[in-house]
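Chain IDs A, B, C, D, E and F follow the sequence of writing; residue 1 opens each chain.
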Amino acid sequence: MKVTVSRKAHFNAAHRLYNKDWSDAKNENIFGKCSNPHYHGHNYELIVHVTGEIDPQTGYVIDMKLLKNLIKTEVEDLMDHKNLNEEVADFFELIPTAENIAVVIHNKLKPHLKEEWKLSITLYETPRNYVSFSD
Amino acid sequence: MKVTVSRKAHFNAAHRLYNKDWSDAKNENIFGKCSNPHYHGHNYELIVHVTGEIDPQTGYVIDMKLLKNLIKTEVEDLMDHKNLNEEVADFFELIPTAENIAVVIHNKLKPHLKEEWKLSITLYETPRNYVSFSD
Amino acid sequence: MKVTVSRKAHFNAAHRLYNKDWSDAKNENIFGKCSNPHYHGHNYELIVHVTGEIDPQTGYVIDMKLLKNLIKTEVEDLMDHKNLNEEVADFFELIPTAENIAVVIHNKLKPHLKEEWKLSITLYETPRNYVSFSD
Amino acid sequence: MKVTVSRKAHFNAAHRLYNKDWSDAKNENIFGKCSNPHYHGHNYELIVHVTGEIDPQTGYVIDMKLLKNLIKTEVEDLMDHKNLNEEVADFFELIPTAENIAVVIHNKLKPHLKEEWKLSITLYETPRNYVSFSD
Amino acid sequence: MKVTVSRKAHFNAAHRLYNKDWSDAKNENIFGKCSNPHYHGHNYELIVHVTGEIDPQTGYVIDMKLLKNLIKTEVEDLMDHKNLNEEVADFFELIPTAENIAVVIHNKLKPHLKEEWKLSITLYETPRNYVSFSD
Amino acid sequence: MKVTVSRKAHFNAAHRLYNKDWSDAKNENIFGKCSNPHYHGHNYELIVHVTGEIDPQTGYVIDMKLLKNLIKTEVEDLMDHKNLNEEVADFFELIPTAENIAVVIHNKLKPHLKEEWKLSITLYETPRNYVSFSD
């Protein structure tokens, strides 16, 4: 009897989309204003979904307080009020699109969770654009 | 050609998390302030999802008016403005976590729906915490 | 490594639910006030989900600007501020329920996307009622 | 010690913007696609605000159940699933813009409330456009 | 040049509406299911609004971090995961309607803010019912 | 008979809070992580409110299409996907707090509106923090 538990969190960050192998003109052509060299930013709204069996002792899949703390130490402390390109090592070589940020967040949380749990990440870059990634 | 139809509803209830097999200290240790013996409460926001074939005569999977009424008689009339631990028999022995409430709601609605339909329950305990359960 | 990219859009339209093979009395009986011959209307909120591999050159599954433009030309230009029954050819013979509108939108977008991508449509008819359809 | 009590409600309706004193061309020029003769529609989200003194016996300004019922009988029963231009007498001569609908709703509710209470109406025509009117 | 700064917070609590001067029958008659002796509960969503001059040194009316902390120590620590009737002294003699809770929150925050600032409280008892109180 | 018309818009931008007259240490002390020299960013959600008389010819206070276009040319084109400190001249000497951004937006829109209209600006810096400014 598997249940999915979902917890919302958020962080605010600056970024730009830029492929170092391309000319500035090509970056501007592909990424448009998202490639602005002075950066722009977003309020990222994050939802972390963990799917597993209910523990009959607690009625929990995972204690939300633990999940909340894990998101804080692994994601918020790393990315909140940061420039993703300049200050978060995962994006020194990887373009910080919403897609890539979701995969990075997944990979940071996964080792802290039980192997049999399924982990999914939903990341809103704006209230109108979001991405989802699951193992 | 299967489509999922989703209907939102809501109910307000008091509850506490408490395992009768544990000491008060252990309950306090595991459940923290959610174990407050005086209870606390939530506005539960419920989404019921039914997946099935579109009926070519009506263009419906299921008439939303029927689904709305079913949620009212099976869930809202039972749980709205109630103390889940004290007044809802399903939780006399089962801890009313969001996970368990979602499973209970699923099991109350399921017998009223066509066997070939898939039923999923999403239950928001707060705007930041929610759970999902599907058959 | 598949990621789902989701983009929100919206359109406002009038419609009524009416089966031409039935008497007015049967339409009224089945569809209730949704069958009002003078029409009623909705703000449809649409979410288009595209699932595919991340392109390592761009970090994108699909450029959101392209997806936004595609939704505009294929859906909004056709349905926004229109009477679905009277002005949108897809509904001259098909009842414009949310279920059917979602399938029609899916079929309009699908040929413009890569064959290997999965396409899902979520359509809110009201903030409390919505449907989802995936290939 | 005045407090404002606010209650949300909603109705779905068709309408068009059309000034009978103007040519069709001028209507089209001024109102654009909102003047479509086949109508379009909206999910109107309504918030009714009543400001008054707290009754020390009840702790209420006004019982929300009474306010909910009043909105149902005076507004929802009249406008929900209706064509405002064709079926609601208040708009036979008055253009059903959000501004005018808000004033009409105000005037329907006002006589049922205590004279000393202030009444304000907020009406969302879409999630992005709304109007407010107060006495 | 006065600007209003608004900060959202939330707490979950149980309560019941009950006037000790009335019989149980009258309480039931006036308050309906809100008077359930076993309590029910809500996710209260709180917005605190402070209006004042912008400090030209900081560009702030009030530092949001200070306001966030003030709401935590004065409101959340007192009311979150509590039974308002049984555990919050302000409601031992005062009925914990949304109206009264808003006034109590106002009075707890007011002494900590500059005298020349205007303080307003918005309190959502449910996503559909809310109250506002200003000095 | 004055009505307020409200229109939502949005822009994404990077910024930092920094007072040039202060040492870096004092900036860090006062503004905390908001002072990060590498910038961070937000999805700013903007609501523009215009209060005036209903024009009996149109039923409008102001045509929403005009207001939408005005917000685009005066605000979005200037601030969207920009670094406010580095690229928007209004903030070369003024700290881009939400308070100051709201006042700047007000002053850009005001000259384009009728003198007798009241203009109010609501600016969400995050879904939890927002400011309001009115003439």
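Everything that follows uses one rule, which is that contacts are C-beta pairs under 8 Å (C-beta built on N, C-alpha and C of every residue); 3 or more make two chains touch, one makes a residue touch a chain.
As the structure is a prediction and not an experimental result, all values here were calculated from the model.
If you take chain E and chain F together, the chains in touch with both are D. Of the two interfaces, B-E and B-C, the higher number of touching C-beta pairs belongs to B-E. Between chain A and chain F the centroid-to-centroid distance comes to 28 Å (mean Cα coordinates, whole Å). Averaging C-alpha coordinates per chain places the centre of chain C 33 Å away from that of chain F. In chain A, the residues that touch at least two other chains are 127. In terms of which chains touch, the assembly is arranged in some other way, matching none of the line, ring, star or all-to-all patterns. By the contact rule set out at the top, the touching chain pairs are A-B, A-C, A-F, B-C, B-E, C-D, D-E, D-F, E-F.
Of all residues in chain E, only 17, 19, 30-32, 94-100, 102-103, 127-133 touch chain D in the complex they form. By the touch rule above, chain D contacts chain C in their complex via residues 10, 12-15, 33-34, 36, 38-43, 45, 80-83, 86-87, 126-127. Interface of chain E with chain F (complex): residues 1-8, 49, 54, 57-61, 63-65.
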